[in-house]
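In what comes next, chain A is part of two complexes: it sits with chain B in the first one and with chain C in the second one.
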Partner chain A sequence: MALLEVRDLSVTYSPRDADTVRAVDGVSFEVHDGEFVGLLGESGCGKSTLGNAVLRLLDKPAAITGGTITFDGKDITSTSEDDLRSLRWVDLSTVFQSSMNSLNPVITIRSQFADTFEAHDNDVDVDDRAGELLEMVSLDRSVLGRFPHELSGGMKQRVALALALALEPRFVLLDEPTTGLDVVVQRDILDRLRVLQARLGFAVLFISHDLGTVMELADRVMVMYAGELVEDQPAAEMVTRHLHPYSAGLLGSYADPRDEIVEVEFIPGRPPDLSQSHAGCLFQPRCPVAVDRCRTVHPDLLPAGRGQVRCLLVEESVGDRAVLDKAAALRHRDQVFAAGPSALADADPVLVVEGISKIYRTRRGLTTTVTTAVDDVSFALRPGQVTALVGQSGSGKTTIARMLTGVERPTAGSIRFKDAPVDHLRRRALRKYRRHVQLVFQDPFSALNPTRTVAYALSRPLRNHLGLSGAEARARAGELLETVGLSPAAQYLDKLPHQLSGGQRQRVVIARALAPEPEVVIADEPISMLDVSIRAEIIALLDALVRDRGIAMLYITHDLLSARLLADEVMVLNEGVMVERGPTLQVIGEAKDPYTRKLLAAIPRPGASGTPVVARGDTEMGAESA
Partner chain B sequence: MLYFLRRTGFFVATLWAAVTLNFLIPRLQPGDPAQALLARLQGNTQAVNPAQLAAIRKMLGTHDGNLLSQYWDYLGAVVHGQFGVSYSYYPYSVTAMIATALPWTLILVGVTQIASFAIGTLLGAWAAYRRNSRVDSVITLGSTFVGTLPFFWIGLLLIFVFAITLNWFPDGGGYGGGSSPSWTWLFFSDAFQHSVLPALALLITGPVGWIIGMRNNMVQTLGEDYARLARAKGLPRRRIALTYGARIAILPNVTGFAIALGGLLGGTVLVETIFNYPGLGRLLLEAVSNKDYPLMQALFLFTTIGVLIANFLADVTYGFLDPRVRRAEAT
Partner chain C sequence: MTILWRNSKCRAGMIMLAAFILIAVFAAVIAPYGPRVSDFGASEGPSGAHWLGTTARGEDVFSQLVYGARTSLIVGLVAGVLSTLIAMAVGLTAGYLRGVVDEVLSFFINLGLVVPVLPLMVVLAGYAPVKGLGLIIVVITVTGWAYGARIKRAQIITLRTRDYITAAKFAGDSTARIIAFEIVPNMISLIVVGFMGAALGAIGAEAGLAFLGLGDPQTVSWGTMLNQASLGGALTTGQWAWLVAPGLVLALLITSFTLMNFGIDALSNPHLRED
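Coming up: the complex of A and B.
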């Protein structure tokens, strides 16, 4: 008998002022003792809802509307909150996504351990046991006396992990436990998690949108799309024999940046609106290999290969991949974005940065703290080329961006835009300069004024910088939307940001940056908040814009894969110092600096050999590696 | 420590600015107190003899010097706690007038303010704890409804029902006509009788803001990940509500409360006027209508100092309650 059995589980959101949405629809799966199961899906696919349902943490307006959840033989689908308490944390514990917010800000870490022990009448010495748990996740015991705001994001998430293991649970649900953390920190925590899981033998349901991580960690991977499970396969199998076209698309968005030719795919379109009912396969509108029958027949999750798949094509070919392979070959070229080696052309640089440094002095009373955010950095941006600035958070990337836009002035060194000294510009000259240097922000959700339409957002720079009239600006805004692939533009002009998907919003942000016809675009992590399946799409757009319009782009990122795809030149920044710089392929292929290597090592490689494989419980899948 | 010094420095600077403004503002108003007093003494406005005017000025102790020397004298007097003689209650000193009125306000309004805060916070927390239940609807809708009623209307309604129609309580004043302030049981029970209606009026409207504020804050904190995690940890509901909800939600309310206490005097004018209550609010009203500069100035100064002290206390308590602020303090 499995430890956790979910049968036909459905969860429905019934908000008062909107249509009901079936966020989870007839999901069935099992998790065995000691098994590590990954649950993969894009944002909005229902994976977190499913996780919350399993933990019985759903709040109104969400409710379980069908099916059962059985834990260790006990049906917990409708157990009362009071009865659940004895089960919570002792058997089922969890680590939430946002490390910023999962700890109580006004009590110490010690108190948060203490109340857990107390609630379950666990008569242990809190300092002793909690200290031991903290050491288990490589934290010092002194952390016990601290408050959450005194810890970094990574430390908080370690505390959350230690807390989850406090009562030695048999099942831990991890809901995007490392999203939002630095790659290197992320890597560290996940490695630690894997070791602990092998040692303590708890079962894990690992929810993530990050395919690479899931594939690398899990024994078995379940793929969720639009509230349904579409594939359930052993992880090792998944890499080589993924059966569902959606899984194929997700896998296609990953590649090793060190390869000679790097190719990524993307899945055009958006997930269906789950407040409507749909006939046929839910993935069909986005599916590159769909046939007519997909439109009318809704496939079931049926055994295929060594797992299960929900796809008519697989069903018909009974595990034979010939059909899928043939269809895959027909895939449109525009769904693939490839970057080969590119030579650095010697165009005249438009923006030259020479030996800039930025030193912050913070005065608190009599002591002055000097922080060197950027230390003697030089580079040049050339038209039609992308220069990537890679580094983890706190490495000074954003400070450089701020100096380039003239928001801050360098403490030393100079920045020249053509002939203008950027670091000496003031008022009108600075305003004129800003027309030529535009920004694309990281978070498309907060980069647009939520109360203003797309047309307004785009017309502001047009009117301010180019002096267009209202009607002209609107016409131009339409053209810009077409340029960034939002067509027909008329359909988008009068929409408010919340009516657009994340990818569409980012396109609007890019269109806004293009509006004043800039010569330099600074893109600060433009894809890190987007779903995997549309990242490549935005990269392709940025690439096309740079090449077609001869824009010089500074691409700021911590993600070496996207840097590899987009950039001609890569600069690696570590604690304000540029540690490596050169043509992309050279820097990534033959990284010399230890820090660059560390960044490379932190990239998850699904199914790559060399991943330590740990035997887990009674599953045999763990023993295999691709 | 440094934080404390900086706050104190800021406190002193604001105090000086307040004292100065307090000196200037009444003098910028049109009208001459001596003339007003004379007019009132005479009962009608006959032509005023300049000599009479000068005599009255002398009697009231108004200065002849220019603004600067007046200001200098004023500062010296403030430092020594001398606010001069009241124009309207001549020959009582301003300090004596305030000393008589202060206890009335302090007890009536102070007690009801604290009670309002306690009641409001508790009701708000209860509503948030049982959100979307009937309790929540009753508390939220009820307080919103009461919040829309004008205070004076509630006061007059109370007087009409309980004092005039039912005759349970007196319709105004601080104590009965027959008694005078003394440390006797009789006087206290009489004063209590008189304070019931104004206190009730204050207690009906007082908690509304705290209820809404507390409920909304707490609904929000209970929706945060840490509260959800507390539930996943299997903590008892009450513990979650207190430590993971109320404990965090109360923070902005505490600041609000300290500031409200400081601004207490302004709020008392209305209630003391309606109930003819012998406190600072009524004193202020009379001072303003009689152009009683010394009294006005002293009262304004009192208010300002009250607000400043309250802000200061709010900063300190907030640091005490919220470790996130405490750290900024320590460094």
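Coming up: the complex of A and C.
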């Protein structure tokens, strides 16, 4: 008997002033003792709702509307809160996406552990047991005496993991536990998790949209789309012999940046509106191989390969792979983005940076701390070319961006835009300069004013910098939206940001940056907050815009795959010093700096032979906790 | 608006306030006599002709009560609007510009917060060369803006670092435009709450000053009624209605504002919405 059995589970959101949404629809699965199961899907596919339903954490207006959840032979679908309390944390525990913030800021780490033991009448020596748990997640025992604000994000997440394991639960739900952390830190935590899971033998349900990571960690992978499971396969099978076209699309977003030719695929379109009922297969509108029958017949989750698949074509076909081979052939038409040949033509640079440094002095009492954020960095941006700036959090990437845009002035060195010295511009001149240098932000959710329409956001730079009238600006805003692939534009102009998806918002942000016809665009991790499946789409858009319009772009990132796809030149920054610089393929292919190598190792490569996951857990957190 | 209406507490408050406004607007129709008509017997108890009795000077208490609603609402509205405007101007400027400007303005905000309000109001109202409703409004405004300014400054400090503000700067917008078009719409619920608080304080302050005898004796307000009831020995003559009625309506008006605030909280914080 399985540890966790979910049968036909449905969850419905019934908000007061909107249609009801079937977020989870008839999902059935099992998790066995000690099994590591991954649950994959795009944002909004219902994976977190499913996770919360399993833990019985759903709040109004969501409610379980059908099916059962059985844990260890006991039906917990409608157990009372009081009875659940004895089960929670002892048998079922969790690490949430934001669990960095789940630590109580006013008590020490030791007290947080003590509370946990006390709440469940666990008579143990707190220092002893908690210290042991911390060592398990590679933290020093001294962390016990510290407060949450004294720890880094990665350390807090480790503490959250140690807390989740404190009572030796049999099942742990991990809901995107490393989102928001530096890639290298993410990697370390996940590797550690896998080692612990193998040693302690708890079962894991790991929710993520990052398919590469899931495939590497999990024993079995379930793919969710629009509230339904569409595929369920052992992880190894999923990599090489996945059957559903959606899984294929998700897998296509990965590639090894060191390859000679790098290609990534994306799935165009958006998930269906779950407040409406759909007759056929829910994936049909986005499916490259859909046939007429897919429009009318809703497929069931049926055994196929070594797992289960929900696809009519797989049901009918003789050879399982026939469907996907066809899909791959079709996809190559318009859903593939390949890194182009990097043409390092020596156009005249528009922006030249020479030996800039930035030193921050902070005075606390009598002692002055001197921090060198950026140390003697030089480079040039040329029209029609992308220069990637790669580095860890805190390596000085953002400081460089701030100096280039004139927000801060360098302590030493000079920045020249054509003939104008950027580091000496004053108010009025700075405002003029910003017409030529525009920003694309990281977080599409905070980059657009929630109270202003798309048309307003786009018309401001047009009216200020280009002096267009209201009507002209609106017409031009429409053209810009078409340029970034939001068409028909009329449909988007009067929308507020919250009515758009993350990818659409990012397109609007890009359109706004293009509005004043800038010569330099600085993109600060423009895809890191987006779903993996739409990242390639945005990269392709940026690439096309840069080449067509002859824009010089500084692309700030810590994602080497996207740098490889987009950039002509890569610079690696470590602690404010430029450690590597050169043509993309050369820097990535022959990485010399230890940090660049670490970044490369952190890129998930589902199905890559060799390197077993566990062996890579040797990059311990020494550096971080020191 | 629908969110406000849906909240049952807020709905009750809105209905109560609407009733007060209607009474104030149609005071001349509703009140049986003029507020200053003193043709009746002095200090009479409640009767069919005078529902709440008459004052020591022979005026109808019910009529005074109806006209008094005008004073309270006008003071609440005007002083509330004025102190909200001052609070916005000072708070937004200080919070957005930071630096020296912030230091200077924060000093004045802090000054406004630490100065004991009641004695200041008493001094201003007592020694001012002019009397009348205008003076009361000015006094209340001058003493009541600091708290709102402090809250708005705190809010704008968190809003000014948002990416969309940076984007507006890069779009070439001026500082004034950024504050008015990008920031203010995002703190509208805070501004409304601030206004309600200021209006509430103003109504209470007006009643308080009038009760202390610092109001304009020519104006009919609930505060002056309380003052006169107390001076006219309402308790000794057993005229409980003269004393209780103005206090009760004052409490009801303040309650209606408080109830509405529940709904406005829900507007700014979806977690507080009651399903």
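Convention: the second predicted complex is superposed on the first by the 601 of 626 C-alpha atoms of A that agree within 3 Å, B and C clash if a C-alpha of one lies under 4 Å from a C-alpha of the other, contacts with A are read in each partner's own complex, and residues count from 1 in each chain.
Quick note on the criterion: a residue touches a chain if its C-beta (ideal position, glycine included) is under 8 Å from a C-beta of that chain, and two chains touch if they have at least 3 such contacts.
Every value quoted in this text rests on a predicted model; they were computed, and no experiment measured them.
With the C-alpha superposition on chain A as described, chain C and chain B clash in the combined arrangement. In the superposition on chain A, A:D19 makes contact with neither chain B nor chain C.
When the shared chain is aligned, chain B comes close enough to touch A:L103, but chain C does not. Using the contact criterion defined above for the overlaid structures, shared-chain residue A:K60 touches chain B and also reaches chain C. Touch criterion not met for A:E590: it reaches neither chain B nor chain C.
Once the two complexes are laid over each other on the shared chain, residue contacts for A:D115 go to chain B alone; chain C is not touched. By the touch criterion defined above, A:R431 reaches chain C but does not reach chain B.
Contact with chain C, but none with chain B, is seen for A:A447 once the two complexes are overlaid on the shared chain.
Common to the chain B and chain C interfaces on chain A are residues 60.
Residues of chain B touching chain A in their complex: 2, 132, 223-226, 228-237, 239, 243-244, 247-248, 251, 321-324, 327, 331. Listing the residues of chain A that touch chain B in their complex gives 55, 57, 59-60, 81, 84-90, 92-94, 96-98, 101-107, 115-116, 119-120, 147, 149-150, 160, 163, 364-365.
Interface residues of chain C facing chain A in the complex, by the touch rule stated above, are 2, 6, 162-164, 166-173, 181-182, 185-186, 275. Chain A meets chain C in the complex at residues 16-17, 60-61, 405, 431, 434-435, 437-439, 441-443, 446-452, 457, 460-461, 464-465, 509, 512-513, 515-516.
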